[in-house]
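Consider the two complexes below, in which chain A is the common component and chain B and chain C are the respective partners.
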Partner chain A sequence: MENTKKALSSIPLLKTKAGPRDVDLWPQRLKEEYQSLIQYVQNNKAADNDWFRLESNKEGTKWFGKCWVFQNQLKYEFDIEFDIPVTFPATAPEIALPELDGKTAKMYRGGKICLSDHFKPLWARNVPKFGISHALALGLGPWLAVEIPELIQKGVVKYKEKEDN
Partner chain B sequence: MSLEDVENIKKRIENFKKTLMELTEAPGAQVTAEHKIREMSAEVVDSNPYSRLMALQRMGIVKNYEDIRKYTVVVVGVGGVGSVTAEMLTRCGIGKLVLFDYDKVELANMNRLFYQPSQAGLSKVTAASMTLSKINPDVKIETYNTNITLTTHFEEFLTVLKTGGINGDRVDLVLSCVDNYEARMTINTACNELGLNWFESGVSENAVCGHIQYIVPGESACFACAPPLVVASDIDEKTLKKDGVCAASLPTTMGVVAGLLVQNALKKLLGFGTVSWYLGYNALTDFFPSMMIKPNPNCSDNFCLKQQSEFKNMVKEEPEFTNVDLIEDIVTHESNEWGITLAEDQPTASNNTSELVESIKTVNVNQNNSIKSDEEYLSLNDGLEFAYPSADQTAPNEENLVKETELNVDDLREQLSLL
Partner chain C sequence: MSSSDWNEVKLLAADFQRIQLTTSSQRLGERNCVEIVAKLISAKLLDVVFTTDGKEYVTPVHLTKELKDEAYVQGGRINILDAARALKVDPDVASNLCEKLAKDEPDDYCIVHGQLIGFTYLDQIAEDILDKLEQNGYINSLKISQQFDLPVDMIDSMLEKRNKNLAFNLHKNKNNPYLYYTDSYFNSIKRIVRGALLAITRPVLCTAIINQCSLDEKEFFTVFESLLAEKQVPGILTDRIGNACTYVPNIHTKTLNNWVMNFYSNNNYLDYEAMNSVGITDPISYISRMQLGKELIALTTCSVGPKILDDISAAIEECISSGTWIDIMDFVPVVFDTKDGVLVLEYLLKKNKISKGFQIFDDTALVTDKFIEVQSERIINTLDTKIKKIIESGEYENALINWKIQQKLAEDKNPELSRKEERKKKSGGKHGGGTQGRETKIKAVKKKYGQKSKQHDSDSDEQENKLVASEQFMMEIVNADEIRKNLENEESFKDVDEDKNSLIEKIVSYLYPILNKESLRRSQEIYDQVMANRMGDLRKVHQDISCKLLLLLSDLHQYIKGIQKFDNTETQGQLTSFLIKSIGGEILEMVKCYLELNKAQSKSKSNQYDKKVVDAIEKLQKSLTSKLIDDFHVAVDELLSSLDIVQKKYDRKKEREHLQNNRQLLLKLLSDIEGDSAQVLLIATQILFQSITQTMIRVSGKFVSVLLGFLQKHLSDQDFFILQNYHDLVVQLLKAEDLEEKNNIKSKLEETTPNVKNLVINFKKS
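The block that comes next holds the complex of A and B.
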């Protein structure tokens, strides 16, 4: 929790309140999202806690990438995907890990992660300052930290040897 | 076998299953189809499915029940609340139902009403439309297996709301039966843009509270005017064990909420009784808190502000516009041409009228008073609370914000990919 707070406070906040339907302001918001993500990844690398990569389609409405967790020196990697909702940034993107769909009860349909009771109030309080980086730091990060070790222990998630490594 | 093959086989199985169900049940469907009735008959015979509904008209509760055939209602989300809502409207003989959902029927849904285990794997809208058209073939049913919160489907959703009515006109009412904040905000955005009336409904994740909320853009608070209003269950969140699950559900709470929702939708469409603005339900204490929430002059939705100013102008031009009809309606309904009333009916009826007049006075007073502070705006009746805090308006320190940059989106995209 302390780590989450520290990581969160060093992610740049965003200025522009615009969703993908706002033709005029969305490009500016998208720029800020990228700036914030770049800084967040750099922070993570500096803190030796690099844990995800993300990219988007041209319009910035669909995002995909990878996140990973280390357990007993083994790297467990998962695909991330989510859409920017029509009502963004008033509502946060719903982050999904499709390959874990149906493997844990802490997920909604389509592999969307089940967020803690703290997430939505905190997001609501910080509209429009929070962006994708904050959703990752506050939502996906803590979810992975709690759920993945448990899924590994239960044998639901197994280590996959990578061909290219 | 690749993952793709498995997916394709799954899809084919679902299609086979659907075809099989349609084939095996087709004879029944044809029999009922022969009984298709275009006009509602008030005749009291065993074979008339509408006789008990038309009796509402004979008894003077509803002025013109057949009007229900003219109306189109959109139900967004046909899960625990939405499916029951759709069934009630179907049995009431609604003109047209438009269903939105992108979920599939699962065995985990069987603690709720409506769906059957044999429908597992089918899309909810397909399963629902098959059952509903068998219950009442008079109802026109249109389905959309789409997620409205995605930008790619939102325009389609707007178009359906604008042109999905029986004669290609706008729909009459939208009922939100979704289970998440994102979808509710999406419906709110659409209805604010179109000035369309809608009902929000919800059941708490602990399954023991629920609510319905009637939203008239510009006249009442929209869903973005204030944080979502929920019933206080008095359960300490810390003692609530949520390990290993996202949400609980009970068919009872969902049935009650669907009943309250459709009851108020019928009152609105057919013009009888009074429609509740916000009505909560606490199953633990059988408490039904209610209140009216005024629109927020600082709402973050620009279309809400536009609707608010249009509503103000309308009230200025016709000051009594919202209220007089209501009072007169109640009074005429109350007067009884024979002068006979059942003793036990009398006090309730007159109470209702005085309460109504009282509430109308309050509404008028509120409209004349501008809201002075956020605290005043956010004061709530007993038993109700906001699910989330309001957005913090204080400006953050400049150093915590993203910096101005000369780079364009493509430069930044590349920079991120090279990290």
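The block that comes next holds the complex of A and C.
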């Protein structure tokens, strides 16, 4: 938790309140998102805590990539995808791990992760300062840290030999 | 603006991708570092040790150095746990490290009691100890071990190692291996002990010596042994049990021995109490250890020598041969108690093989049977008059009857248990005492345990014993007091003192049953004799009367036969009536006389018997008045049976004899008669009748004329005339009143009497 807070504080906050519909302000918002993400990834790498790869479509409305978790010196990798909702940034993006769809109760249909009860009010309080990087750091990160070891232990998630970079 | 914005976005997206693709800096996190080191250690590629806070790794070499430093800082020794704390490593690690150190550098370090100790430290201690030793003269390694918390053997080895280089000799105590002395100290103690031992003249507890000299116990014994080895100890130690042993100086032993020998040679015995008083705690074993112990006999209070025994033995022998008595206690020394006396007596009797001919009273008094015999005979003799008196007074008889009745009662009452009853009786239970069953029961139990000592019983129920005795006997003829008095008169008892009373008492109770038995036997004898005499008299009287009665009856029989010779029934009746009266009268007189005699002699005859006789007599008397001969016969039969007289059948032969006798009797009477002519006539006619009829007749003068009438037929005229004439004269004489006439007739009669007599005597049946 401390780590999360620390990480959060080092992620730059956003200023522009604009969704994909706001044609004028959206690029501005997107720029801020990228800057925030860049900073976040840089921070992670500096802390030897790199845990995802992410890219978007040209409009910046669809995002996809990978995330991974080390458990017992093994790397478990999952695909990530999510769309930017139209009501963004008032509504947080719903991050999904399609591979795990139906494997855990902490998940909505389509592999959308159930975020903790704290996340939504936190996000709502911080509109428009929170962006994608925050959703990852506060939403997906903790979810993975809690759920994956359990799933591995249950044998639901198995290690797949993969070509690592 | 917008496009530039989108360009900028594109640039940023590209930037973002670029950044994401750059390799993250390969920095080792703390976590990874720990993992790597752990892997290396497990692969044995690296030899390091964690500190307990988990923050540092230390190499063993560094740790060893630190350990040494730490030990040095702590003054040469350090607890391994303390070391682990100080070095911030696991105790296991520290302990391994220490072991390794001790192993690698055995000359400098060792591990003792979980402590790492450097030898420099030990050297220091050794120096201290030796200093102390030099100062005090002795040292206890055990104490040092406690003081320094080091094992004793370590200190021992340490001292031994340094022993060679010392300026003085070090001694190890044999009794206490932890004690070390210096020469001078040892010698000084030795001198103290030697002085003490030399000064002692009587047995002293070692603890007393030790306290007196304020020595250590173990020191004392070590020194003592060393002195003993040097033969410098004038005495011995008794067997050690723990530390409770006594030092007995030789001088004391010798004195004691002399004292005992003196005592023995003076007294011929050894008194345990006296020996105790001079300090011989176990006199019996002491004596048995002595040379003269073999000839002594151990008793309860003393041991006695052969001389005393010989004396007593001689006394006993003399007593037995002279047939007197002897109390062992008179011959033994005063210290002897009764138990000793008993033992000595038993021993001597066994030794001399005397087992018979004596009784032992009061445990120690031997009384020869001969003595008892003499005494009892003497007493019995004095009793003779008493016995006679008892018998004469009838007391004995009463007792005899009671005794028999009681026995009979007891048997009748419970025939199958009569034996048991008998036993109860012996044990003192009351006769037939159903109500006192409880008492009896108690006695029975008592008897069971104390049967053996019935006569020797000297406890409180002596009185009871007497009671038992008197009940066992029919009656008590001689009582204990009499026996006692008699015994006290005996010469050999006269000069003895009071305490012999119990002996006399014992003899009395011993003699009591014997004497009573004997005197009862005598009584019975005398009684039997008296009874026999008395019975003999009675029998004779009985026989006489029965003889007489039978004779009378047979006479009667004859007379009746005679009467039947008469033809006239009237005459017969008259004659019979007379006969019955006269004979019956005679019988009655005889029987009454007999009864009188019987009564005087025997009081024991029952009344019933008398009554029977009296009844028979009455009946007979009645029958006399009747003229029927059968009534008379019945009454006579009854009387005879009541008197136990058996009637015999008539014997022909005897009958003739009887007739002859009767005739002779009558003839004798006839020749004897002078003057009484009536009698002469009566007898003459009777004789003649008998001669003629061969039957006897008994008549009174009244019937003479009738007889004459009968005789007339059988006599010659001449003879008959003489008789008739005589008869007439007699009648005249009886009738005559004038004296002159009487005289006249008398003279006539006197003249004819010889004729009549001659006639009768010479008469022969024609």
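A few remarks follow.
Just so we're on the same page, the second predicted complex is superposed on the first by the 162 of 165 C-alpha atoms of A that agree within 3 Å, B and C clash if a C-alpha of one lies under 4 Å from a C-alpha of the other, contacts with A are read in each partner's own complex, and residues count from 1 in each chain.
Definition applied: a residue touches a chain if its C-beta (ideal position, glycine included) is under 8 Å from a C-beta of that chain, and two chains touch if they have at least 3 such contacts.
Here the structure is a predicted model, which is why all the values come from computation and not from measurement.
Placing chain B and chain C on a common chain A by superposition gives a clash between them. In the superposition on chain A, contact of A:Gly60 is made with both chain B and chain C. With both structures placed on the common chain, the touch criterion links A:Asn43 to neither chain B nor chain C. When the shared chain is aligned, chain C comes close enough to touch A:Asp24, but chain B does not.
When the shared chain is aligned, chain B and chain C each come close enough to touch A:Gln35. Legend: residue contacts after superposition of the two complexes on their common chain; A:Ser133 is shown touching neither chain B nor chain C. By the touch criterion defined above, A:Pro85 lies against chain B but remains apart from chain C after alignment on the C-alpha atoms of chain A. Looking at the superposed arrangement, the partner reaching more residues of chain A, out of chain B and chain C, is B.
The superposed model puts chain C in the path of chain B at one of 223-231, 349-357 or 403-411, which is 403-411. Looking at chain A, you'll find residues 27, 30-31, 34-35, 37-38, 41-42, 45, 53-56, 60 touch chain B in one structure and chain C in the other. Remark: chain A residues 23-24, 27-28, 30-31, 34-35, 37-38, 41-42, 44-46, 48, 50, 53-56, 60 touch chain C in the complex. The touching residues of chain B, when paired with chain A in their complex, are 103-104, 148-152, 154, 180-182, 185-186, 188-189, 224, 227, 237, 242, 244-246, 300, 387-392, 396, 400-403, 405, 407-409, 412-413, 415-417, 419. Only residues 2, 5-6, 8-9, 12-13, 15-17, 19-20, 22, 24-27, 29 of chain C touch chain A when the two sit together in their complex.
Interface residues of chain A facing chain B in the complex, by the touch rule stated above, are 12-15, 17, 20-21, 27, 30-32, 34-39, 41-42, 45, 53-56, 60-61, 83-87, 90-92, 94, 105-109, 114, 117, 120-121, 124-127, 129.
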